[in-house]
């Protein structure tokens, strides 16, 4: 199982803030996880999750699309940050 | 008449914080005023007032030795500043 | 890629701390704590961010701040640790507010203590620049015309990039 | 010569002020005033100088600050006016204490408000650098070994000179 979190505009666009998933296969990357989420949930999510400016974090560290996932990971997708 | 003020280390070295003087002649510069003060008060003051790092202000603006003085001016001599 | 590599782990002392909270903060109290941490403190540079009334020509009635609990605190700690490695600092304090805020409200405090002012100023600005581009917070403006998510500013990325940090 | 030419006169608004005083100051109260001056304020950069316990290896029991009443306030106003000409600022506040101070005490506050942080940071550091080299204050340390006037630091002049100011 992995936990997937969505924040801010992405959370609102998807209408969901969290998913729990069983990783379908190893090795799994962030990029393939996005496609998997689209496949099993909603084809309309593709544009939202695949957008260039979506930031990906695994276990609370920013990563790129090629990052390898493992059991128990916390994966987050969020838009560019606007704090401060 | 002009007012002459001394601050900090210079004030302590001279043992005086303020003088009122009649300007002896026109035109008078800051440099010549220093010599005049030494002449009429104490030859030992020369090293103190003539030191390179003495800052001169006239009417509360920093000036150089060639600045011309006029009746009513407030002239100040002080060491490099150390506030903040 | 600004976000592509992990930060090296740097040990932080108890003199550096982060809070993410709804309630307001008292700058004087925070600076007093920094002063009392060490008799070596000669300089405290600090920055307070304030909710502005007008942002891109829209009247802001209320601002709502969302964050990523856990990662937000971690990312700010990492940024402070980087600053502490780069400059000789004595302490640091970051407070960032979340939830609903109104124009004129304080949003963020970044305070850094050091022996001398040059290092305190540089570290404070560094932390603030990286917080702006790396700490997961998102602002939503609630205006008379409806809600909208605030867009990230290119100038914030330029500000962070000028530190030439190798990550 | 750093001190040789006069500053041009620049009009200052009521949003910029200077106090030279014996009593302590409350940073929060000063920042609140700056925030309340304008709904445009988005950033407040500020600096607090603190009396250090050790200065050049001597224990400082007490510090005594002398100033030149009138010229001190005027020189700080001039520096703030220069900053307001160079950057787009909304307000500024400088408080400098005089008389006897102890280690850990606040000595000086420089606070600057602006729309965005870059200008506030730069102006705050500029004002502080020039205050250090141009405002007539003199520190005397009262140590267990007796009194001594603090020497001016070359690094303070370097800090001021990097602004490349044409005077």
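First chain written, first letter: the chains are A, B, C and D, and each begins at residue 1.
Here is the rule we go by: contacts are C-beta pairs under 8 Å (C-beta built on N, C-alpha and C of every residue); 3 or more make two chains touch, one makes a residue touch a chain.
As the structure is a computational prediction, the values presented were derived from the model and not from experiment.
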| item | value |
| --- | --- |
| Neighbouring chains shared between chain B and chain C, ordered by label | D |
| Separation of chain C from chain D, taking each centre as the mean of its C-alpha atoms, in whole Å | 24 |
| Chain A and chain D, separation of their C-alpha mean positions in angstrom | 49 |
| Two or more partner chains touched - positions in chain D | 49, 117, 128 |
| Residues of chain A engaged with two or more neighbouring chains | 84 |
| Interchain contacts (touch definition) - all pairs | A-C, B-D, C-D |
| Chain D contact footprint on chain B (complex, rising order) | 5, 7-9, 55, 57, 60-64, 76, 78-84 |
| Touching residues on chain C, where the partner in the complex is chain A | 1, 3-4, 6, 49, 65-68, 70-71, 74-75, 96, 107-108, 128, 131-140, 149-153, 156 |
| Residues on chain D engaged by chain C in the complex (per definition of touch) | 26-29, 31, 35-36, 39-54, 103-104, 106, 113, 115-118, 120-121, 124-125, 128, 155, 159 |
